[in-house]
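Every chain is named by a letter (A, B, C and D) in the order it is written, and numbering of its residues begins at 1.
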Amino acid sequence: MEAFHFSMSRVKVAVLGATGSVGQRFIQLLDHHPFFEVTHLCASENSAGKTYGEVMKTRWKISSDIPAYAKNLVITTPDPAKMKEVVLAFSGLDSNIAGEVEKNYANAGIHIISNSKNHRMDPTVPILSAEVNSSHLEVLTSQKTKGKIITNSNCTIMGVTISLKPLLDRFGIESVMLFSMQAISGAGYPGVPTMDILGNVIPHIGGEEEKAEIEPLKCLGKVENGKILHADFSISAHCNRVPVFDGHTVCVSVQFKKKPSREEIISSWKEFSGEPQTLGLPLAPNPVIFYREEDDRPQPRLDLDTGKGMTTVIGRLRPDPIFDWKYVVLSHNTIRGAAGAALLNAELLYKKNFLG
Amino acid sequence: MEAFHFSMSRVKVAVLGATGSVGQRFIQLLDHHPFFEVTHLCASENSAGKTYGEVMKTRWKISSDIPAYAKNLVITTPDPAKMKEVVLAFSGLDSNIAGEVEKNYANAGIHIISNSKNHRMDPTVPILSAEVNSSHLEVLTSQKTKGKIITNSNCTIMGVTISLKPLLDRFGIESVMLFSMQAISGAGYPGVPTMDILGNVIPHIGGEEEKAEIEPLKCLGKVENGKILHADFSISAHCNRVPVFDGHTVCVSVQFKKKPSREEIISSWKEFSGEPQTLGLPLAPNPVIFYREEDDRPQPRLDLDTGKGMTTVIGRLRPDPIFDWKYVVLSHNTIRGAAGAALLNAELLYKKNFLG
Amino acid sequence: MEAFHFSMSRVKVAVLGATGSVGQRFIQLLDHHPFFEVTHLCASENSAGKTYGEVMKTRWKISSDIPAYAKNLVITTPDPAKMKEVVLAFSGLDSNIAGEVEKNYANAGIHIISNSKNHRMDPTVPILSAEVNSSHLEVLTSQKTKGKIITNSNCTIMGVTISLKPLLDRFGIESVMLFSMQAISGAGYPGVPTMDILGNVIPHIGGEEEKAEIEPLKCLGKVENGKILHADFSISAHCNRVPVFDGHTVCVSVQFKKKPSREEIISSWKEFSGEPQTLGLPLAPNPVIFYREEDDRPQPRLDLDTGKGMTTVIGRLRPDPIFDWKYVVLSHNTIRGAAGAALLNAELLYKKNFLG
Amino acid sequence: MEAFHFSMSRVKVAVLGATGSVGQRFIQLLDHHPFFEVTHLCASENSAGKTYGEVMKTRWKISSDIPAYAKNLVITTPDPAKMKEVVLAFSGLDSNIAGEVEKNYANAGIHIISNSKNHRMDPTVPILSAEVNSSHLEVLTSQKTKGKIITNSNCTIMGVTISLKPLLDRFGIESVMLFSMQAISGAGYPGVPTMDILGNVIPHIGGEEEKAEIEPLKCLGKVENGKILHADFSISAHCNRVPVFDGHTVCVSVQFKKKPSREEIISSWKEFSGEPQTLGLPLAPNPVIFYREEDDRPQPRLDLDTGKGMTTVIGRLRPDPIFDWKYVVLSHNTIRGAAGAALLNAELLYKKNFLG
């Protein structure tokens, strides 16, 4: 990011849900951003009127300090009328309010980059994974509001979808079975009580398997007549919570249409790249996918920060006795799987001149 | 166990590998056992000649104290010639020596109940899971030694095999995909270094997937001409280590030959029972399988001790978008998956008069 | 407990705060109790009107199942007027309401055995640790209500107070410095968020050091003129939260008035016994204190269940370069430090005929 | 570090014990170092002859990758005769061999910067904490070998010693009682078995309390007649292992000679600085000490990386009912407490022209 010079006129942005886990990551990643200037931090009425530094003194959960720019911003409630100069809002809102608030912003002409699930299944709203389906941006014209809504996928299947994209394009996919071991940060804060997870695993995350079985299909689908059509393979998901801080690890078994060799799969991953890399976006990881040869990798503790948390790390590709191949994929759930993915989407919009 | 009266002449037994994790569990479970009296504890030369209490002072890792009977037994090396009155030996030996030592005992006419993998794939050695395949005992006559070797399965797939047995019998099975989250006690002591697993998961356990993909097929197979033929379905396994102390949790997807309903599956599990229950063996769990209706169970912390660690706990039965049904199964890896299963096997031999 | 026969007329009791962590322990420990019969379970309006089994289906956090007697009891709000036959109520209420509710019960003539802090510092309310200060029961006559309130101490210093009592009596104490490493269950449920404590320690627990520096002095004090006078030594406490499920470990340095030898201290501990042992109360541990000789004990995982969680485990007695001696003490915070201590207090009242 | 330009002639250095935990940190911190060029990596015969990258493929435990410069270096055994151009060696050797090997290097004229305990108590060997006692370098002339040995203190009391130095100078100290909660990385790799520490604490670390009670006194002492005299106050230490990955947290109670106010203590900490800061050494933290005002800080997870792991973080200063003041201090045990401290010492030697 150091190579970018600040333009005189960075795009003004707001962060909605600024006090939550995803909001905190947005604020961290937007520190000294070359394209965007955070002018508004929004949260609930409890926090409104106070500075972000004051409210977050005991609630900031990232190990680096609150960025200086954010400390003195006064929190407001998420009201588009109060922030007319804002062009784009990053939403880390809770799903129980995100649907309506995000719609208000879009109606007011402010673009929404959302990490919430609410609008993900609308066929005119892309689940945008910048390297995977930047072509889906064309459906934005089908949205009737002046502000457009772009979502990113559920954190769990972000890495899975990236791992599948180059394989789908070259070999076709019949079936995917996946088993996740998901970090506690995926549940936000306070999130999972320690009494539930210390020395334990929980083989259930509410609503997660449903999302994991459908969102990749939309993300990997095609645009026809201004709407997104889902890819035509099947996914079965087993989702589990484990006592890991950050990093979702997913075991994947894949049945292909055309049978690839081990070398073909690995080279597909190594060569995979997308518009973020072509455009040289600040947050674009390089490589997009890193394949590790060791027997026991990827692991959250050792591989989480690969590419500053934006690279998807894959390992253990081996034949599957039932399907064709199996492997393990890791991605950083609050960076690549949430705030980082959303910000990369915003960078893509900026560079492709969607922000006017 | 309290209801049994000690017979005047309990069968004399030895524990091989008495200082290891599985050995410790054997010693705990054999405390006040109605059928068996431990007369010999065997370990390596380093420990030989000292009392078990002395050697284990800082190495006993079970939260209850060392049983009184064991404390003053003097450890010997595992030499069958030194223990002529012993009828049966429980082996928790490390696989790098178990193969030969166990064979020595069998040659010397001492039966071996082994938790090691070495002889598991011999077609005349049953992988005995007492409720699942007690009929496999008939192959013992094909063993040429006077002492017979009986093994139990790998800890990971013990619960899986039990969960599959009643379904295989009623509906037939085409394919099973399984994904394990395995406790650190499965690696013995010192086992997994804390630096490798604290706040982490490791998506690899050496040799485990290979065992998980074949042992259930043998255990669920049939006897023909004095040899065990494997069941004819396929298994694909993803094995993972997680920071849980005891208790292996396995997610399972199953494709059936004949399609069962949810009710048929659950009733198959609830009704499942075997010879240990019929014979009223001391360690026989009742029920064999406990099905939990809650959304987020089984969990190691809450369900591990069901049936004193001998009951297999299942939950989350739900349709699988690719196969037919998926569910989660938990078993206690050092009790049901190791020492408890082995001891139950020995109890079965005793009651069926295999011990002379 | 098995030796007790149920009397025809067990004393009817209620559990207040029945859905919380301490309430759950009360319900578990009161299962098949020879003196007490639970007739009422009380909780907030949200739970009232439903059966305990229904409400607790996903909230019961103890690894054994909900006792059968409790499952079908219908929860009520804590109103003494609704439970006239109740003689005594166990309170695991949150401190924000315990003060008033407990007073209501006392006014209505129902005795309160409280685990809450609210009335602890009232000089006519004993902080009763049954082995330590049963003589403090005489101040109950100074309470003006018909029902009497008895509290037990904060979980952290329960074991410390027990360890100090025999030393104070024989050698006198000048100063005590203590450092705690406290389990997460001490914070109740949901309690400590996993994001705060996984792979971490928190060197602060709100209000805990204040309690740890004063409650032992009251508990170890004397009765004069119907009021409890505090013991006259000083305590300094450092309280810390650690990622342990159950069991508070406390490092203690003590300066004595009369200098004891190592043997004198250890024999004081080994010989320590109180009225619960004399009276043979069901929950009375025997021994009260267990001294372990190993270098690295006590540890929560290995020693927590000593005496079914009621024995205080001490180890590592060694000279202190500044004070006289230092040692480590462990007690089970939700049993000996909370529900078990409270129930033992109730048993003491019963046997001493305080319950009429 | 970026501001330094590589001189044409960096000093050639070796890392002894290069495959261990401390060795790995040395290698990481020496990557692109402006003063030092690593030319030799030394380990045991098992590893000798292979490249570092090959040997460490599955043993590198730091989350960033092995630095490129180290990957292709061929490991040798620690023999000074083989590395004549080497001026200085960083030793992360195990204490069972460090004593002799380090002496060999010193005899051969190669300076030793040691993290091992072996020579720490020699009165002509400084326990150097660069900000605390750079004046102790004058005793090096009392060492009879051509190469000089400089040690750094035990990881646990590094932060404590730094916290005490400015207070000792201004107010004088009578007594210090300290209680540590130490990370598992302090025990190296494989180190602590998971079965011993998962969900547990261990109130004992072999030899640690002895070191903690004496090393700070030497480090804070004075030089007289070419020897280091110990400071004249007393320390009592309670050392504990906790399930934290990196970061030792220590609770400290201090009795002063002259009684300071809270403000005087905090300003002493904030103003504390030493020669590393004056000389602008690459690894010198700024500030040396960071005082946090929040109630519940420092915590390993949130504060460990302050000053890239080189800053000592203090919090919770409050009156002590027995001594004068108590507080909590955190330092990064493998950076500030080991490899980082040692490298800072080497930087100090370089800038003060001790390396010729």
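Rule of thumb we're sticking to: a residue touches a chain if its C-beta (ideal position, glycine included) is under 8 Å from a C-beta of that chain, and two chains touch if they have at least 3 such contacts.
To keep track of the chains, here are their UniProt names: A, B, C, D = Aspartate-semialdehyde dehydrogenase.
All values reported here derive from a predicted model rather than from experimental measurement.
Judged by contacting C-beta pairs, the busier of the interfaces B-D and B-C is B-D. For the pair chain C and chain D, the distance between mean C-alpha positions equals 43 Å. Look at where the CA atoms of chain B average out and do the same for chain D: the two points lie 48 Å apart. Work out the mean CA point of chain B and of chain C, and you get 40 Å between them.
Looking at chain D, one finds that residues 61, 198-199, 243, 245, 295-296, 301-302 touch two or more other chains. Shown here, the protein chains touch in all possible pairs.
Within the complex, the chain D residues that touch chain B are 61, 184-185, 189-199, 243, 245.
Listed in rising order, the residues of chain B touching chain C in the complex are 57-58, 61, 63-64, 198-199, 245, 294-296, 301-305. Those residues of chain A whose C-beta lies close enough to touch chain B in the complex are 175, 177, 179, 181, 199-204, 206, 213, 234-236, 238, 240, 242-245, 249, 251, 253, 295-302, 315-316, 320-323, 326, 328.
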